[in-house]
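As written, the chain order gives the labels A, B, C, D, E, F and G, with residue 1 at the start of each chain.
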Amino acid sequence: MGKIEDLQVINGEGYQLTRLEKVLGTARANSVWPLPFATSCCGIEYMATMGSNYDLARFGMERMSFSPRQADLLIVAGTISKKLGPVLKQVYEQMAEPKWVLSVGACACSGGIFDTYSVLQGIDRIIPVDVYVPGCPPRPEQIIDGIIRIHELVKNEPLRRRYSDEYKHLLKDYNIETNDPEQSDK
Amino acid sequence: MQSLSNKRKVVSDKPMTFMEKLYLPAIIGGMWITFKHLFRKNNTIKYPEEQRVFAPVYRGMHVLKRDEEGRENCTACGLCAVACPAEAITMVAGERKKGEEHLYREEKYAETYEINMLRCIFCGLCEEACPKEAVFLTDRIVPTEFERGTFIYGKDKLVEPVDSRIDITKRQHTGKRTEK
Amino acid sequence: MTQNSLTNESVFERIKAQFGEGILAMEEPYGMLTLEVKPETVHDLVKWLKEDDKFQVSFLTLLGGIHYPENTGKELGVNYHLHSLVHNFRIRLRAYFPIENPEIDSITDIHTCANWMERETYDFYGIQFKGHPNLVRILNEDTMDYFPMRKEYHLEDATREDKDDRFFGR
Amino acid sequence: MNTIQLIVYLLGGLTVGSALMVILSKHPVRSVLYLVLTFFLISANYIMMNAQFVAVVNIIVYAGAIMVLFLFVLMLLNLSKENEPRSSLLVKLAASLAGGSLLVVLVAAVKDSLVLPVTGVVQNDGGLVENLGQLLFTKYVLPFEVSSILFISAMVGAILLAKREKQIID
Amino acid sequence: MILATVFESGISIQYYIVLATVLFAIGAIGVLTRRNSIILLMCIELMLNAANLLLVAFSTYFGKADGQIFVFFIMVVAAAEATVGLSILVMAYRNSRSIDVGIFNKLKG
Amino acid sequence: MLLEKLILVVIIFGLSLVIAMYSTYFERKVAAWFQDRIGPDRAGPFGLLQPLADGVKMFLKEDFIPKHADKWLFIMGPGISMFTALITSTIIPWGPDLYMFGTNVVLQVADFNVGILFILGVLSVGVYGIMIGAWASNNKFSLFGAIRASSQMISYELAMGVSVITIVMMTGSLSLRDITESQHGFWNDGWFTWNVFSQPVCFLVFFICSLAELNRAPFDLSECESELIGGYHTEYGSMKLGFYLFAEYVSMFISSAIISILFFGGYSFPGMDSFSGNTLAILGVVALFAKIFFFIFVIMWIRWTLPRFRFDQLMHLGWKSLIPIALINLLVTGLVIAFKNGWFN
Amino acid sequence: MNWTEEDEKAPLFKQNESARTELSKETIDGEIATLNLGPTHPATHGIFQNILQVDGEKILSSEQTVGYIHRAFEKIAERRPYNQITPLTDRLNYCSSPINNMGWHMTVEKLIGADISKRVDYMRVIIMELARIADHLVCNSVIGVDTGALTGFTYVFQEREKIYELYEEVCGARLTTNVGRIGGFERDFSPEFHKKLKNFLQTFPKVFNEFDSLLARNRIFMDRTRNAGPISGERALEYGFTGPNLRAAGIDYDVRHMNPYSSYQDFDFIIPVGVNGDTYDRFMVRQEEIRQSLKIIEQAYNNLPEGDYHADIPEFYLPPKDMVYNNMEALIYHFKIVMGETPVPVGEVYHSVEGGNGEVGFHLISDGGRSPYRLQFRRPCFIYYQAYPEMITGQTISDAVLTLSSLNVIAGELDG
């Protein structure tokens, strides 16, 4: 992921439309509701980020939605073991489009020091990741950095990107079904 | 069971008083506490605009130091790689050729020196392990990225530029830590 | 502070008198009484220690396996750390058995908390605890087909590709 | 046909339609919802007849309380389409026939027996609360009290019935 | 804000009689056809409501409030019936795992 | 006449929606102030565009209906919630009459003669939105939320009704306009005119019950996220969730209005007799809104201070404390009224 | 996460089939629902799954699945040199990592027989008690959050942030501190640390009392927590409880008092205990322990002896950098320590410290090699979490959530 610029070229629209998309994108970026999938140490730092000193609410992000249906941003913070992998994938699949993934901390990004038989070596093996935040655990500053990156992404993302072939292809690589509105009736 | 120490004190056996049973006094008390906070100055650091000052010994992004003459300190001894619990450091040693004395301080140097910032746990063991005062952690934070590949930091990102040195003098792991 | 009224010697003597044959060896590394016990004796000994009025070794601190691939016939072992809170006295028991037939009596009927510890030990080392109510894997996936803590198995995840082993001196 | 007539006939049609849906819906939850709709429409009829108080009370009591109770029980029992009991086609047919003939007989009987005086403009404020209150607490005070007793006994009975007793389950 | 009554605009009382009768018959048919006992109870509620409708209609027609008073009594009865009926159903469901009316044939001695 | 009412309806609905929108913003800000934080400040100046951003986000979100959900009911649930939340606003008297364009504009959509009963009726129907939506989602946590919500609402409606009856007895009318008028001004005959001073217990009961009916903390059991994830709206996303959340804030606005009317004199304010005409009308509307905003703030304040009840404790509070208190209060009030009217002589 | 019927058929759920069969067959019928609390339910702060059988709100039985973040600490420990195990211990109970760090250092020091000075002991006590405060603050504020009172959480987290700053001054990290070395500390307390610690000792009690009065005597909170997840002292011992959870059940077992380490015998502190072992007791015990910790910190800080901040063990404690550069002997030691070549005595040692959640033990078996032959951690969470089903049976779902948060089960420690 991350080739947003390319996609924008592909889906190039008229100037007015792009402008509207910019406005909508900015609005969307200011209301990204996170789903904290916090398993271990990074979860505590995430709590600190939510706390008064760093105040994630400034970005309109204090409404945590533990239900994947309502979330826009999946924050994976902490070790994901191979046992937990399917759960994470399921949560990702349950989220409604558009959705983004922030991988917080060394464990989620790459397994960190836990290069062991039981730990998944990076969540990007099972779900697509938009932004990586290094650190073990990252400081709240870094988590906010990552969130600002996500906001950049949201701002510049064309509305139709989620229907593009590239995106479908990407999900197919991960064996994730796209939940088309037509399919969900069944 | 009898007391194992003689210092025990029961802390949670106070029965509810009548006033407490009425709910309201405690509720009003609680609301008064929160109300007082309404007028208190907030403690928030507006992060991207305001930055908190990190401790001088903060373990953030690494730097490969140069000495006073601008030569790289690293001699590719590999101790940092051995000391790394996350096995995030990779290096290839190279022999210094003639005419490169202004670049490298010792006869050997690191041709490539890579830290996988996604693996790194910023424990600071590499800094301690380095006998040449070459690798240090600094109070800068590693930026976030979109791509996984960009987190393999090579010498281009790690070695400090000659013209903008990174101050690590406050770190107590530096050579200034003389004692006795 | 409760006085440490029990000494290693006194405890050992009483145990020896009671279980004689079952005790194979006695050590005192760093002051902690360590007994090597026949696998068959462990259950009775733990029970006796708990029920004995004088000792009241009623707290199971730790239970874990160990693997010595070189000790033929005694490859696998189980460590028990017991603690008498009243006397503040700690004792370590150990039993070894061959890797072909790693079996020992479960002590879940004496110490409830041994349940998960035994499951964990089974999960790690494949030690069978006879009489355990539900001896299945606890930390690893049910589908795992080996016992990861045995010395012959690798620690690392085989799928990691961002590492070049030549540089780590291992 | 003036507007009010139109509204009244429309309301009547809708009422009958939604009442029909109550018995035609496959799913009990939908039946409940259609019945709620029916009650709303009946309340609308009451309002058309200038009986606002009865209308609102109808909504509060039927839609707001009784039907919530029904829905609640349905949710608690977690009934789905699968375990919905079905009657055979024959039974359905016979029942519809019987019901239909009942309808015909009723309508015929009621229609024929009616010899009502043509009323002029009736001074009607019967829907207002004061009148109802006056009547309820003077003329009908005994039935009122009796109904409250009925209500209490129904409550006690319901609680007794719903209260779980061990031996009944076993 | 008092609406004029419908009877002043030319609706005859027969209309309400027929409407109430139809509703009553629908309820009756429901009772006969459905086997889900909760729906049976609901149909009984419907029949009671048909009666209510007629009572209110006559009460308005004659300009006397007595009819509406009876509506309240019917409501009380309906509420009582619903609570007791539902609790019996829940009870029966606990015992037999079904809400089919057929289960009540066990009541036969 | 009809056009006038139509305009009023549009204005009131629009106003309710705007106020609900900004209540979400206000709630976040209030929470932030209580917690030594800043709150939303990045969307627009002081974060004022935050509700708009949320709205746009929700509109653009994929409209998802879970596979096992009952499709129509799933869509109906939020709709019913929204509808019942909005419909109550029609009978609220917003202020004294306004003279405009030569006619007398009544700032009330409908002066329903059984106004209070209407409110109770709508409230009792409001639970359907939650129940239907939750049941249709086919999710156990939702179902738990629905069961909690419905039993909670039914139970608290009783105490609420009894406390309302007390007020009705004091006033002798079910119309909200009459109730407001009976509390005219602030001080009359050596006593306060507002009901809160003569019926403090009744006010307390009513206030607690309206918190429970609103599903607000400390009674937010049907959606408490630490136990039931999202409660009844667990499976909802996009605008349907938005409807639910919106409905909550609209109801909050309306209940604050009703509390102000029943106990704080509605649009009356101290010294209102020295004004007349349009000035009085406008000042009255301002006074009512000031009271409404104060109660919205109090409700939020309570939410960010108190822990929530457990379900059985909630039921105990409702049935064993509030209903008896309300009944005793009713009895005492009745006796006092009877005594005043001289029925004992 | 929400498990719909579809999800129950997913293979993930099938994995735990073996565990589910334990539930008695009779209980599963129409009125009794199976509720899946976790793995990603907001109440299971870490990751563990509880399959509850509920009748209405009442819990009839439950079955746990753990191991969702199993990271194989003990296996890693067999492959890493002694000094590289410190970062591992950070991640056991990450709410109070310094205690684990220190416990590990003390274990190794016990093995090699190092002589630790009083100053190091006292410095360790200060850091460990700060960690205990941080740990208990997380637990208690999360109990508040789970009861719905979010505001208290934000108040104490501001103070926790100050503890982070203190850690940062000492070691350079906030959460996974990796503080201290075998033999002492890597550096002395900086002047900034002294300033911040004094400030913390001054401001903390006020904020803490505010938090306390928001919850402790509020009837709603008391009703919620009293009799929620109770356990008797005997059962608690049976289940291997230690730490605050055991003390809440009325048994005053505290490693700091029973087997004093790091000069804890010098300090005067009481051991708070509860009565019923319910959530309220656990909450109150932790509250009181925070006060006691503050007292200990004050005592240790006021009596901080002069001296060196590390023991004189050149084989294990890294020499200063300039000596490495100039002194051959230091250079050799440096290489040996970093490569893990220093000889370690063969032996077996068990050392335990009072962690945030109870007795954190290190059973270290050394064969003289560069890494431990076997290192087993006594992870208190793992041991006592098995009591959870017994504690919540017969309680409501709300109680189960509260019990879970008041037990303070840290997933990292649980799954090892």
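Just a few scattered comments:
One rule holds in what follows: a residue touches a chain if its C-beta (ideal position, glycine included) is under 8 Å from a C-beta of that chain, and two chains touch if they have at least 3 such contacts.
Note that this is a predicted model, so its numbers are computed, not measured.
Think of each touching pair as a link: the shortest run of links from chain A to chain C has 1 of them. Annotation: D-E is the more contact-rich of the chain pairs D-E and B-G, by number of C-beta pairs in contact.
Computed centre separation for the pair chain A/chain F is 37 angstrom, with centres defined by C-alpha atoms.
Centre-to-centre separation between chain C and chain F, using Cα means, comes to 63 Å.
Taking the mean of the C-alpha atoms as each chain's centre, chain C and chain G sit 23 Å apart.
Centroid to centroid, with C-alpha atoms defining each point, chain B and chain C lie 39 Å apart.
For chain B, the set of residues touching two or more other chains reads 4-5, 27, 30, 33-34, 37, 42-44, 46, 82, 85, 87, 116, 119, 121-123. For chain A, residues that reach two or more other chains under the stated contact definition are 52-53, 55, 58, 66-67, 83, 110-111, 113, 115-119, 136, 139. Chain F has residues 31-32, 34-38, 41, 66-67, 112-113, 225, 229, 234-235, 304-306 in contact with two or more other chains. Note for the complex: chain A touches chain C at residues 82-83, 110-111, 115-119, 121, 125. Within the complex formed with chain G, the chain C residues making contact are 1-2, 29-30, 32, 34, 58-62, 64, 66-67, 79, 81, 85, 88, 90, 92, 111-113, 115-117, 120, 124, 134, 136-143, 148-149, 151, 155, 169-170. Those residues of chain A lying in contact with chain B across their complex are 1-2, 52-55, 58, 106, 109-113, 115, 122, 124, 129-136, 138-142, 144-146, 148-149, 153. Chain contact summary for the complex, chain C toward chain A: residues 139-141, 148, 153-157, 159-160, 162-163. Those residues of chain G lying in contact with chain C across their complex are 15-16, 18-19, 22, 66-67, 70, 72, 74-76, 78-79, 110-111, 235, 237-240, 251, 253, 257-259, 339, 347-350, 352, 359, 361, 363, 365, 374, 376, 378, 382-387, 415-416.
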